[in-house]
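Let me begin by handing over the structure; questions about it come next.
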Amino acid sequence: LRSRLSQIILLFQVNPGGKRQSQAPGMGLVNSTFREEQIQKLRTGNLGIGHTRYSTSGISGLQNCQPFVVETLHGKIAVAHNGELVNAKKLKMKVLRHGVGLSTSSDSELITQLLALTPPKEEADTPDWVARIRNLMTATLTSYSLLVMYKDVIYAVRDPYGNRPLCLGRLVPVSKFDSPKTEGWVVSSESCSFQSIGARYYREVLPGEIVQISKHGIKTLDRVPRPGGDPPAFCIFEYVYFARPDSIFEGQMVYTVRRRCGHQLAIEAPVDADLVSTVPESATPAALGYAQEAGLPYVEVLCKNRYVGRTFIQPNTRLRQLGVAQKFGALSDNFAGKRIVLIDDSIVRGNTISPIIKVLKEAGAKEVHIRVASPPIRFPCYMGINIPTKEELIANKPEFEDLAGYIGANSVVYLSVDGLLSAVQEGSKSLRPNSIISNGDNDSKSSPKQIGHCTACLTGKYPVELEW
Amino acid sequence: LRSRLSQIILLFQVNPGGKRQSQAPGMGLVNSTFREEQIQKLRTGNLGIGHTRYSTSGISGLQNCQPFVVETLHGKIAVAHNGELVNAKKLKMKVLRHGVGLSTSSDSELITQLLALTPPKEEADTPDWVARIRNLMTATLTSYSLLVMYKDVIYAVRDPYGNRPLCLGRLVPVSKFDSPKTEGWVVSSESCSFQSIGARYYREVLPGEIVQISKHGIKTLDRVPRPGGDPPAFCIFEYVYFARPDSIFEGQMVYTVRRRCGHQLAIEAPVDADLVSTVPESATPAALGYAQEAGLPYVEVLCKNRYVGRTFIQPNTRLRQLGVAQKFGALSDNFAGKRIVLIDDSIVRGNTISPIIKVLKEAGAKEVHIRVASPPIRFPCYMGINIPTKEELIANKPEFEDLAGYIGANSVVYLSVDGLLSAVQEGSKSLRPNSIISNGDNDSKSSPKQIGHCTACLTGKYPVELEW
Amino acid sequence: LRSRLSQIILLFQVNPGGKRQSQAPGMGLVNSTFREEQIQKLRTGNLGIGHTRYSTSGISGLQNCQPFVVETLHGKIAVAHNGELVNAKKLKMKVLRHGVGLSTSSDSELITQLLALTPPKEEADTPDWVARIRNLMTATLTSYSLLVMYKDVIYAVRDPYGNRPLCLGRLVPVSKFDSPKTEGWVVSSESCSFQSIGARYYREVLPGEIVQISKHGIKTLDRVPRPGGDPPAFCIFEYVYFARPDSIFEGQMVYTVRRRCGHQLAIEAPVDADLVSTVPESATPAALGYAQEAGLPYVEVLCKNRYVGRTFIQPNTRLRQLGVAQKFGALSDNFAGKRIVLIDDSIVRGNTISPIIKVLKEAGAKEVHIRVASPPIRFPCYMGINIPTKEELIANKPEFEDLAGYIGANSVVYLSVDGLLSAVQEGSKSLRPNSIISNGDNDSKSSPKQIGHCTACLTGKYPVELEW
Amino acid sequence: LRSRLSQIILLFQVNPGGKRQSQAPGMGLVNSTFREEQIQKLRTGNLGIGHTRYSTSGISGLQNCQPFVVETLHGKIAVAHNGELVNAKKLKMKVLRHGVGLSTSSDSELITQLLALTPPKEEADTPDWVARIRNLMTATLTSYSLLVMYKDVIYAVRDPYGNRPLCLGRLVPVSKFDSPKTEGWVVSSESCSFQSIGARYYREVLPGEIVQISKHGIKTLDRVPRPGGDPPAFCIFEYVYFARPDSIFEGQMVYTVRRRCGHQLAIEAPVDADLVSTVPESATPAALGYAQEAGLPYVEVLCKNRYVGRTFIQPNTRLRQLGVAQKFGALSDNFAGKRIVLIDDSIVRGNTISPIIKVLKEAGAKEVHIRVASPPIRFPCYMGINIPTKEELIANKPEFEDLAGYIGANSVVYLSVDGLLSAVQEGSKSLRPNSIISNGDNDSKSSPKQIGHCTACLTGKYPVELEW
């Protein structure tokens, strides 16, 4: 269960006193997107690092980076993209029919070529990038968050349904050596990345919003409406699984939502047990929430094996059978003879929880009750999340009938879809900063529709009709 | 603060039915020690992997591995070693005077060459390895745990003071495909490694013990005594810092000791606060112990930044100043406006806790009280732990006078040495399995002395007199 | 002095008995171009090898290879290209004006996008690739040799001026295990590559020719004429420098041309000397030719240092000053006290011949007379050869006035342009295979113009007017 | 057919004016030996380079380099070694019996440990390295050339039989920036390496000689005699195959010897043919010698394929069958319809010449007569050369009876052993510089015995009796 792009992030820094930074003549731009495989390369310290070394001195230095950079009639544009276009096939045919050859199968190239196409009404010498972006957003309603860079301006764009996150941060002085006038803007999929580069969360880019970032600051240029008064459709799995717990979406911290999921789960599925614990580390907030609501002690039962991956012994059949059990050490003194409620954040395929239960039982657990802090996944995602095929999902298999028996647990209960939605929506806020232009969008009238989440993988209800 | 060798581990497997495993004709032996840099290499997937690929078919395949392998008059011996010989210089002169050239500065080579030297009383054609090992142990009392392999026998040896850990595990069938007669022994510095290779903890090798492992099983050959009725001196920092929480030393789980340190710390250094938290992840058991004893809620305030190390932005002065703050995200919703007791496992140099406190305060913490679950380190270790120089230790600096002010905390208190010792010794047991030969050792008379710990880095009291 | 692309090569193999090869279902295609840097990667055995591993089972496998592969409205096309379009800028504006974004600055992408553009007269569902290629050739007259692959057909194309080489080879059975019916075609920039893959030279692709290669064999589809009765303009430096000596152009072996250059040089610039020698290895044919014509013995005076590049000693100022002298060992016994005529194939910058002369004189040469088997380079190449800037060319520098003094030779003479042309054209043949369609090309009338060579870098006369 | 160590080389530089070089405080030492695999690593630019980066500031920096460095009672010594000890087994037992463990199977470690052993008569505090080296040389008579470094002195040593080469060079100023007082000494297996580091050949180290190199210059300390008036036994294959043609042994250039072998071969085995050619590049001197003696033209018939190794096409059975033919291109215009005498330097296994002959015949050669410029190899070498096993040598196979038929040649003749010896000894000189101490060696009386060569691989006559 992986997001295709883990993050888009962009740093835009201005020193307003008219003084340019020595390392960034003209304007300091850094822009990059990372696919998981690149991050992997970085971690291993190999040549992949070369891909992230770029000059910070303008667009030309970005040629070889991850953002798709193309030369157009009006100069270079760079596009970074997170998400997946639901009607990519249709758009692709449009581009091909115009006589353009596509050298990759990526949505990024498709978006870039769509932006490069001259719209009919544009005058020859003055490209109207906002009009082109608006055309693009009308032609494809979801799912994307975009950064488009042209000369010294960046456009930060979120699709009308707001399916993928995007937020703005503001650079702050991090030391006494920083000029107090230091100013700058950062755009990221996740607000948690701001702290690590010395920026502060400012606000989300709203669904359908086009934000211009330049040396004059940020400015909302437009908000493209959703058709027919549809509510937004922010991916609910960002809360459940993808985002780092210290990220903020819709005015609330992800950690808090996960904790509320634990509370809700304790209400929906109580157990007569001795202690509550977690599959470290992602399920810990839900476990603490469950423990508090249930009035049971929170106790650690598993520790992560830092040595896994360092398989120092020639793998053989015997060791392969140990499987997942190698990843966790049992803290047996903490639970021997006890009844455990073990919280997991999701059970997708069902093949990792089973050996964990076995480890706990062999180390002396009297009972192991599994509580899952999200509903079962049953449907494919066409908006950027790599979900296993329908056949691989445990919720679509015959074994799901007696899941507890199948995985060796004393009981297993998932959070309900309604429970998840209430945990998410209890704290989410509709944000409407004053600076936003009100160009006939339907937001002003129907405020209840400003909160809405995509639960397609859980319910099969997709935000837009799927075209093939 | 790093152990030089993170682990020695050895797998010795026998199929007693006389049937040899196809991949290990004769006897399956795997033996390896890992220095931190090798593990690093493994993690990055580079050529270092080559170092750990060896045939499992006998000693000859071990030539290029980490254990020091030398050819002696009687054939090859392989030696793996954890620790540091306190009188290495003196031993080195002895070997050099005999006319041996040493090609490395490692204790392993020194030990190997000492074992290769023919003792005066040995007859020409029959090497008496046990006598040679006993000679070695008499010549150097600490600090080492050793594995010595000769032909199809392995000797597992722990120094008379038991300064470095060593324990025995037993292979168990992990699947229905394993023969119920499968038998085998594993030796490791830390019992936690047994679970991940499908073995069960059996017992510790005792201080001074020489255990022989062969196809006939395990057998204690000797126990070399300590001089003058000295107590053992097991490194107390294995409990505090090095060992994985699910490891077992002296009959108790490390996690439990750490939790007791938290209890003790709450008794010694209470705070009027709203919540207790941890610097993830190593201080969590102590934090849970403190919270329970103090009757305060345990709450998470920091999450680890999985993206650190993937510095996707060209490092510049500005970012370097962010330092440690990049490694942790603040879960501000959990603590804004609250008074925090933050538990850390140790403060050595004092330069990592300070930016963490700053992050918490900037994110809204009202007060941050630091409680350290171990005493301050003040003295160098000559027994295998890389401790910063005396000058670098915060406890030896003038700033230690007003440490709270220096690091920006509202208060800071360390655990006392007595508090640590009581937390450690409350649950530790003197083990004397029946199988141990009683060849005049003084253990039988003075049982109180069977428990003893090295606190040299905290107190300056070294287990043996230091020779230079 | 480097060709941008050292070679394009393509293997097309058919087993006519209707039986498909197991490893290449449908049709065995292998297509690749190598830039110098890739070859460098291959030589060093690093990850670059990955770039050349592709399945041989059709176009889809070629996605990540060197040929530019794009998806068009009608499916994928792959384009491999050698040369440089003289009017690339103009063509680029045409493509950009159509609204296409270009992601690289390569001519290959430009050619591919031009081929992807639907021509006005083409019917929607049936792409007429030959018409598209013809359009391209009319729009840009030189310099290129192309391979265009679409489904199971390949078009081999040489520009109307024939500036870059391209030739056809035929696969032959190399062992008794090959079916005698094995058939297949190979296209390459240089015929020398045929022998190493078990093929035989068949013929050149003619200037302006479009050859179709399919399972039905080869077929000339068209010959695009040159405007105004221009002669062809095959790059004369392929003979002088680039090509391997066993390659065949215009019906003659490169080695033979180089030998003739040596003869001509002996006639134009005789010396009263004792022996003739070569700067190994490329000037050897010219040196043997000179020696024969001059009636002087051919003797080796330099041997290549196989150890250079293995600089086993920390480079320091002292060693860097040794420079080129490190690359050659002096065979002093062969020439001490003698007068040497030393033949080099070209002197471009003038900084390598000087230390060679110094080595020879220090090793005892009485006189060193340099004879260069090509004329001086004075002008830039816009057709694919990387020539140093005008300012770097020794022939444009003041030092050229007294070149012998500058490089330390007793005399130095270059071959004349007329001498080079006569050496080249003495053996070259106008080839007109019967199979060629005669669609109004002017070849049939003006046979003298069928031989012509580009000498732009020597004379400044470019084959077409340069547009910017 | 490979030498185990391709070269030992050492640079020792002194600036006698009392001024030390900034980069080499005290004394500039660089010392390294290269095994073929290391050179391979260097060539491919990978981490192997790290092995040759060392500080030039003394012995300590050499710890991780190729020379075997050990710490002895008196400090570190470094030993670099070329050759193979004929009685290594016996020496090994001596060392093992003394109680030394050997961690490698290399002769270098064995030599180093033998030097580390205190000789009986040495006084405790003053190591007498010359006596130790003399002891070593008496204990093992051949085959080795050694460099032994201790503090700021180096001993260059050649075994009494002079089986492996070793020579001295003198650093010369290479630019006007060099001080005219720059002085220094270089030691190398091959004199050809001197030119590439800016040194001049000085003289050979004589068989049995111990030369001391220090800041006071060079000095012969001793000459260890051969037993019973034996002649020297310099490896004749250094002339035939290993050495670079510009190297000097016994006062003559290797190139000149190879040319004489060609003359001799023309006398021994004349052919009625049209031209003489070479298998490039090592056989070229012999081919030029043959051509001159035979009065036939020297013509090139093969060119090396620079693209081999860059196998750009997926290897399959078909291509593998092309084998060696891929390495050479046929210059067919030069020999079509002609009778060729093709000179090769040696035929060892007989599997490379056969496809070359096939290439030539397919390209139109009328006849191909093979003449080999050395006698057939029939016996193993125990002195450092890796020769195929007796069974693999073509001269020991039944096919040798009709070798011409087997390899497809019209005739094949090897040079005779006597012919080779006369070609080698015609120009070799017995060198006795005045500076050599005459300590009772038998050289002074029996000058005819000063020239002698090891022909063991050709004749089975080994220089010393082989002990096992």
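In this document, chain identifiers A, B, C and D correspond to the written order of the chains, with residue numbering beginning at 1 in each.
Convention: a contact is a pair of C-beta atoms (placed from the backbone, for glycine too) under 8 Å apart; a residue touches a chain by one contact, two chains touch by 3 or more.
For clarity, every value in this text was computed on a predicted model and none was experimentally measured.
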item	value
Chains touching both chain A and chain B, listed by label	none
Chain B and chain C, separation of their C-alpha mean positions in angstrom	64
Cα-centroid distance, chain A relative to chain C, in whole angstrom	51
Averaged-CA centre spacing for the pair chain D and chain C, given as whole angstrom	39
Shared-contact residues (touching 2 or more other chains) in chain A	none
Chains that touch, pairwise	A-B, A-C, B-D, C-D
Interface residues, chain B side, partner chain D - complex	47, 68-73, 77, 93, 96-103, 105, 109, 112-113, 115-118
Of all residues in chain A, those that touch chain B in their complex	7, 9, 11, 23, 30, 32, 34, 39, 42-46, 52-54, 56, 174-175, 177-178, 192-193, 195-198, 244-246, 252-253, 255-256, 281, 284-285, 288, 298-300, 303-310, 312-314, 316-319, 321-322, 325-326, 329-334, 359
